[in-house]
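Listed below are the structures to be examined.
Here chain A shows up in two complexes: once beside chain B, once beside chain C.
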Partner chain A sequence: MTKTTEQNLKQKYKNSTAKKVAGKSDLKLNSKMYFGLLIFQLLNLLTLVLQFNFIYLIFAIFALALQFMVHFKAFRQAASNTNSAVTLYASPKILPSWIILVLALSGSVGIALAGQTLGLLLSMIHLLCFAYSLKLFEITSRKDLYQLVVLGIFVATSSLIFIQSIYFSIAVIVLVLANFWILIHYFAPTMALPVQTKLLAKLSLYSVPVAIVLFIVFPKLSPFWQVPNVESAKVGLSDSVKIGDIAQLALSDELAFRVSFQNNNPEHAQLYWRAMVLDDFDGVTWRQDQQEEGQHNKQRYGSASLSHTKDSVDVAIKGTGLAYQVIAEPSFQSWLFALDFATSEQGNIGQRDDYALFYRGIISQTLSYQVTSYPKAILAPNLSAESRALNLALSTDNNPKLLAKAQQLRKQYSEDKSLINHVLAEFNQQDYFYTLQPPKLNNNSLDQFYFDTKAGFCEHYASTFTYVMRAAGIPARMVVGYLGGELNPNGNYLSVYQRNAHAWSEVWLPESGWQRVDPTAAVAPERVERGFSNNLRQEYNHLSSGLFSMQSLRAMQWYQQLKMQIDAIDYQWTRWVIGYTGQKQSRVMAQLIASLKQGKAIGYFMLFLIAVALLFYFVKSVQVKDKPKDRIKALYLKALALLAQHNVVKIKSMTAQQFAHFVDTTHPDLAANFSPISKSFTELAYQNFEELSQQERNKRLAEIQASYRKLRWQLWLNKLSVK
Partner chain B sequence: MLYTRKHSVFSSLKASLKSALNLRFNSWLARRIPKHSQQVINHRNIFIIPTRFGAGLMVFMLLLFLLGTNYQNNVIILISYLLVSFFVVVLLHSFFNLSGLKFQANSALQGFVGDKVYFPLNVSSKKERFNISFSFDQVLNDVNSSEVDNILSANESYNNQPNEVTLTEVAKGDNNIRVPYRICKRGEYSLGRLLIISEFGFGLFKTWTRLDFAQHVTAFPKPVANVWLDKEQSVAGEDVENNTQSYQDSFQPGQDEFHQLQHYKLGEPLSRVAWKHVARGQGWFTKQYQQALSGKLQLDFSQLPAGTVEQRLSWLSYAIKDCSEKQIPFSLKLAEHTVEYDHSAQHTLKCLTALARY
Partner chain C sequence: MQTLVANVLAQIESVVIGKPHQVKLALACLLAKGHILIEDLPGMGKTTLANTLALTLGLSYQRIQFTSDLMPSDVIGVAIFDETSKSFQLHPGAIFNQVVLADEVNRASPKTQSALLEAMEEGRVSVDGVTHELPAPFFVIATQNPMSHAGTYPLPESQLDRFMMRISLGFPTVDAERQILQSTASHRDVEDIKAFLKVEQLREIQQLISNVRVAPEIVDYVIALCRVSRLNESKAKALSPRAGKSLLAAAKSWAFIENRDYVIPEDIQAVFAPVCEHRLAPQQHHIFEQADEISQQILSQVDPTNPLG
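Up next, the complex of A and B:
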């Protein structure tokens, strides 16, 4: 019994739902709407086009083209049958639902299979976009339309995971809001397109202030859970350097990071941005020491608190600090860039015992961090035996000539400093020269470079120098990072590009600790002092000019200026919007509150201004509602009050005409101005004033207002003359 | 069995609770939005709730916020804030789409039960508005609906027709609209509240109000042809006088005969004009017939064959409608109310109203 009732109930329910669906499923739209949907789908998908797999791209284009063709056909038919394009029609069933089902299933399976290569995030995005593409085939009810809009917004927004530059972001924000046009058009199809656009723009603009306030004030939260990260090829320096590697980077115009100093910018030659220290050399490749790698991992996951306290690294801080903010572009590595000796208070930044900073994670999007550096600090006043051994280790078999030379030098100079100076002087005085196109070395031989080719760039010199030092028994290691940076005067910040990549050496001397020695400076001092020399720049341009040369364009002054300006805007965006972290937020809020406390008067003044503006607006809106005839009446009453102040009082029993006559006889000087007011008032009260057109009425009103002002002026004059 | 009983108990409980809530709500509504023939809607009487889509979008905003927070992506967070703010702006916008609308209703509704009539309404606006739909919320509660269904079984087609009128665009100035109203119950009662809904904007909010225009519905009984009447009629044929006779026969025994001539009054049927006199040039007269006893056709409630009150009223309604179409003068006698012998549009209306009020 119960079963049957249950079944009945179920049936009933089914029936009712079926009815509902049947009732709802007759969504009919006009062709403008369908084209709008197609265009927005195209735009939303375009934001992600760089991330798409080729196969999906083809599918999406095919789906859009199919839809477009069908609707275009329908549009032409409608246009030929009736004279208007406003005819509504239900979305034609282009594909039967079982095909869509099969497509959906096979597509999902395909994406799941491709997930291995795509990575989790990209496969999710593909799944989302795939659903978005398919949804277009099934717009049977209003609900589907809503879903399509929301999906579109989601697709457009998710593109921001990959790119966050200001122009792209603004384009995406505009696109997200523009997606609502579909809904406006659905609810008001009769509205003209410009009106719809205007309405949407108006509503969007109104919503900007609140959004900005929310953005500034609403607390920034830390991530709730781990999310799949953007996976991409590593950019920039790599943690194992073979001789010749940096040459590739030197051709790259890509931005590495940007820095703004709190006070003055240091000199170009001081800007050695340490990224990482390579101390393990096998004769061919410089690497980070494996042991330290382990330590690094431990630091990263274990004793995080140790790693960023100053006690853990062996350093004696001297001199004043130099505070600056670095905004690093995504490199998909962990290395951070800072001047020596750098400290950072940020929890997500760690420090290795070779003084390099690193980020606890992968820098997959723009990262901003605050650093304080002490350029005069002594690094490692005491070198541990372990570290000493590591930094003296040599693989002797590869460069025997260099080893012999170093040992000979050691005999010649007992003092470390004079030995170093001798090597540098040799670089400077002999015919070594700096070039980005060094001749190829066999088996990356340093011997060949030092004794034969004598042409190379920073890496060659640093590598050779470090090798010689080690061979001579001075602890030395190679440091890679960036040198210099280009000042953007518009934003007062430094841009460091990949082409600024540099390598130098560090030697450990008793008393003074680790000392930076840049052999490149000995070879090409202008490289260090000013960045690229003219010769090098030409060489650089020659190398980088591809199919069509940008050389002429680059040379143009206005182009440079424009580029600087655009870059400055992008920098501010990166700094204040993308880099608006919780830390920064609390600082900004503290400042805001402090300034509010300090300038209470200003706050009150602002409040007062707002109140006045509101009052003005209110009064104006009330006034606009007034009909002019009421205004004439008001003006008449005002004139009466004014006259009463000057002892010309209208007795209540008097009619307006009588009073006008009275004024005329007693104060003939006032009559000229008062009579038009009175006349208009009597006309309003006793004659049909409605017949006048709006324009004439306004004209009349202006006249009366003018005479009122004159009357007031005259009364003033009278008063003064009486006195 | 137990299950069903439980279910029925539960459902009845739910229904009673619902009706109690409804009652409370209606009384509150009556205090909040008093009835008046002219109404302006503003912040006092507009209600706004998010639609399901609106609620969905809110969830979506939260989702975007989570996405932005998890990726520490400020631009995505900014977009989620922008959407929140947009949501609020749209709330205001949908309010202003309705606010300030002026309504003027002056005419009461009349019609037979089961008819679909149109309630004329003047809507004036100072600006353009979009996508506003008007409907009477005729909640047919279960008890009533079965009755109604019985009555309406013949015209099932009404159910499929939309019971609302939607204006895609309300132009500046005066607009006249006609809102469909289905008459379900005999009697004279107040029209009830007109439901005015708009989802314009983006479908995020349902902006609505219920206005009572203090108008009445006079619902005449549904005209039902009686079997005996039909029979008589078929015998009597189409002839007007015979028709009268048929009614006479049905209401009371006796013959009707020519009574007198009266001066023609404007509006009297031409079929009654004594054309012979006109032809002779003696002027316009109408022939007056009278029954043998009372002399006039009287539709008497008490004389009707046995049936329920509603049935009998329906027969009377049919008779009145029929007489009015065939222009037969009559008088109506109900239990406590009598409508004088007459014959005009007003008279018919008076009689039908009397039936409605019975």
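Up next, the complex of A and C:
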């Protein structure tokens, strides 16, 4: 090599190292990238905005606004001054390190102090987001940029703990992809947009199989945190009912739960979903007996498994079971919904002595459970004295007229059944009518309803009926739950909405046990047979809507269709993705193992082989394009890539010898392992390219492979010792 | 053979002080059977280099000073009626020499320039319909002044392409300049220069050079360089396959001078700028710094260890 070229090269090295040092100390972003960073931080934080503490929210907005203002001003000034096409650059590091440190410490202390009220999960989320906000002020190198974006992705995905609807999930997935895209953009800014998009699509596609496999096999641990009751103001049933409560629900289109039956769907009129039984009436409010605020009577809770109930004297199982899966939306309560008489083998589900299922915990996330119901079972063939007393208890002072009427009826009918029929016939034949907008009652008086206004809905009728029964000496109680459900033909499942909320009565008759009596059916049979009639809906729409009526929109066929379709997708998403819990996972695994044992092993093995072959082919087809045929060259290039990872970068135009010399002079420790690779490569590529036999080549390859491994090991050690 | 070449180099370097790289390039060019264009300001030693080269190689040598009134016949020769033989006899011009130094080639009219350049391309001239072969090793060493100087006719691109290399000498370093100024002789006598090579030896060397091995990797590298020049969005011209061929030939010659019988990427890089710059940027002049800017740019875009990857 002549002197001049050597000088040239030296100059080049100098330049490159100088650049590297500059790049490390101070990363500069152009305005587009810079504002992209801010916007993405804002978007990522927005996904969690409902969970944030007010103080943190202010801090996060303030941090973003500070960054934005400082640089907006700078960019504008620079733009007006230079008036040229020169790209403007900025560094997000605008605060000195000690301020960041102080902020970080005080913020952490603040979160720790607030931890009591926030709870573990939210404290952690706040800590994460707080770090995310602060990290923005600490971007000095590409590494920081990478961390910031990845942190953002983590923040965005953690929002899925709180909200799991399909729309939100899709939005988060899109946001995560956008974050990945911006990461690509930062690291390869010169790449054209379509190329970047293609790369992103390719990488996402490649990761899908891995994600699916991990989703199926990765152990699902139940979260160690308790999701706080953030949505307690949600609509839904509550554990005490005053007359008029359910009317609020009747307007709500919000989903309560969904059901898919294993075999045929039962008729609409059979679908009485028991949620809870209210057996304590104080004259105004129905509530569960012996239940103070948040306190439960432990004795009333038991196991829901079939074997347990078989031994029980409370129930006599008859007929065949009806198996179905229920997916309940988060209600932040613990009762579940099932048809009578329900059993469930799931350990986290129990049953009260009034046959309502409950979840051992708060339903803060979508919950999927498997139930088998026995519609023909006799509930409580023998009523205990205690229970009888409870279900006859009466507060007499509030509704004297009704009490008198009941006592009179008792005298008239000695048989319970005829008494019940008489009351129902009265509801049917006299001018009682069903409306969701009943006239107001003074002090929730049942007397007033029964004798004067004669207009009301399920709660009025059930409440009155139960009262009359008790007054007449028949054990009776009120049951609250849902009636019916809307069949979605696209997915063959039922959706039960809040507007399907219903209340009915249960009376105990000797020998037949607890019998369901729905007085509403006597007044408005169509309510029971078809769910909410259109008439009733219209009544609402007239009353509650102004200029724009949803009704005209609802009438449109396509809108209905679309809604059904989207709902079907949401159902499948909830059922298969969100409902894939730890128990389900172990069930899937157990099934897999069982079927393997049953001799399906060969089939699965074949499937596995095919999968492996496909994967192999896939990997090969991906690699072939880039991999040079010559394996020595391939190894050399691999060594270059390895060195580049550890900041020993070959300038593109450097030849192999020049680079080897460069490594020699700048990293003498690496030279021992790198130079054999380089030497073999140059010799075989340029000098003995036709003479060496395949055998010799292989021998040489083995030698330099050893060098390569040593080099990798050495670099790894270096990295460890440096940090 | 290589010692012989080393001797030749040493002698030329002793005359053309402080320019070993350019001297080596020029020698490589001639050994690769290429013509060379030396471009520089007056008084930088162009003619000295050309003279020394010709004499050291032991070839017949003639210098033509190109001026604006130089006619094609002055270069090629003219057929004159000979009384004794009663026929037209060619009075050969300066071009019938093995080495022709065309001094200040861009001062002659385009007609004269093209007469010279045609001869360079074809290795023969025709006068009045009769074709005359030029002597066998045939080199043209042309020198030219930068175009900005008055009274010049720039060589068109097609004619520039016939020069394998364009080099410039540039100002000497302080040491070299001191040495030049202190040397007693104002001009080193031409007689002092020994001819180191015989024609047969030159032929042998040229044969050896053509046998220098070129690995597929090197060919790929040349292809990659050419391709990059074609993608280039700047005003630079693209490299033709002929340019690629010249590049390989020059690199082989360079490898030979470096005492190797195979080409390595360094050889390509060493000769890339002189071989390609005048094809990439014919009208940009090759004086002082940033002379080979475009070449460097192209070189920087190709990884010699993985050229087409």
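Simple rule for what comes next: the second predicted complex is superposed on the first by the 431 of 723 C-alpha atoms of A that agree within 3 Å, B and C clash if a C-alpha of one lies under 4 Å from a C-alpha of the other, contacts with A are read in each partner's own complex, and residues count from 1 in each chain.
Convention: a residue touches a chain if its C-beta (ideal position, glycine included) is under 8 Å from a C-beta of that chain, and two chains touch if they have at least 3 such contacts.
None of these values were measured; they are calculated from a predicted model.
Once the two complexes are laid over each other on the shared chain, residue contacts for A:592 go to neither chain B nor chain C. Of the two partner chains, neither chain B nor chain C is touched by A:611. When both complexes are overlaid on chain A, the residue A:65 reaches neither chain B nor chain C. Of the two partner chains, neither chain B nor chain C is touched by A:562. The larger set of touched chain A residues comes from B, when the choice is between chain B and chain C. In the superposed pair of complexes, A:214 makes contact with chain B only, with no contact to chain C.
The intersection of chain A residues touching chain B with those touching chain C, taken from the two complexes, comprises 1-2, 5. Only residues 1-2, 5-6, 142-143, 146, 150, 153-154, 157-158, 160-161, 164, 169, 172-173, 176-177, 180, 183-184, 186-191, 203-204, 206-211, 214-215, 218, 220-225, 227, 365, 577-581 of chain A touch chain B when the two sit together in their complex.
Of all the residues in chain A, the ones that touch chain C in their complex are 1-5, 626, 628, 633, 636-637, 640, 650-659, 681-682, 685-687, 689-690. Those residues of chain C lying in contact with chain A across their complex are 20-21, 24, 213, 215-218, 262-266, 269-270, 299-306, 309. Taken together, the chain B residues at the contact with chain A in this complex read 1-4, 7, 53, 56-57, 60, 64, 66-67, 69-79, 81-86, 88-90, 93, 130-131, 168-169, 199-203.
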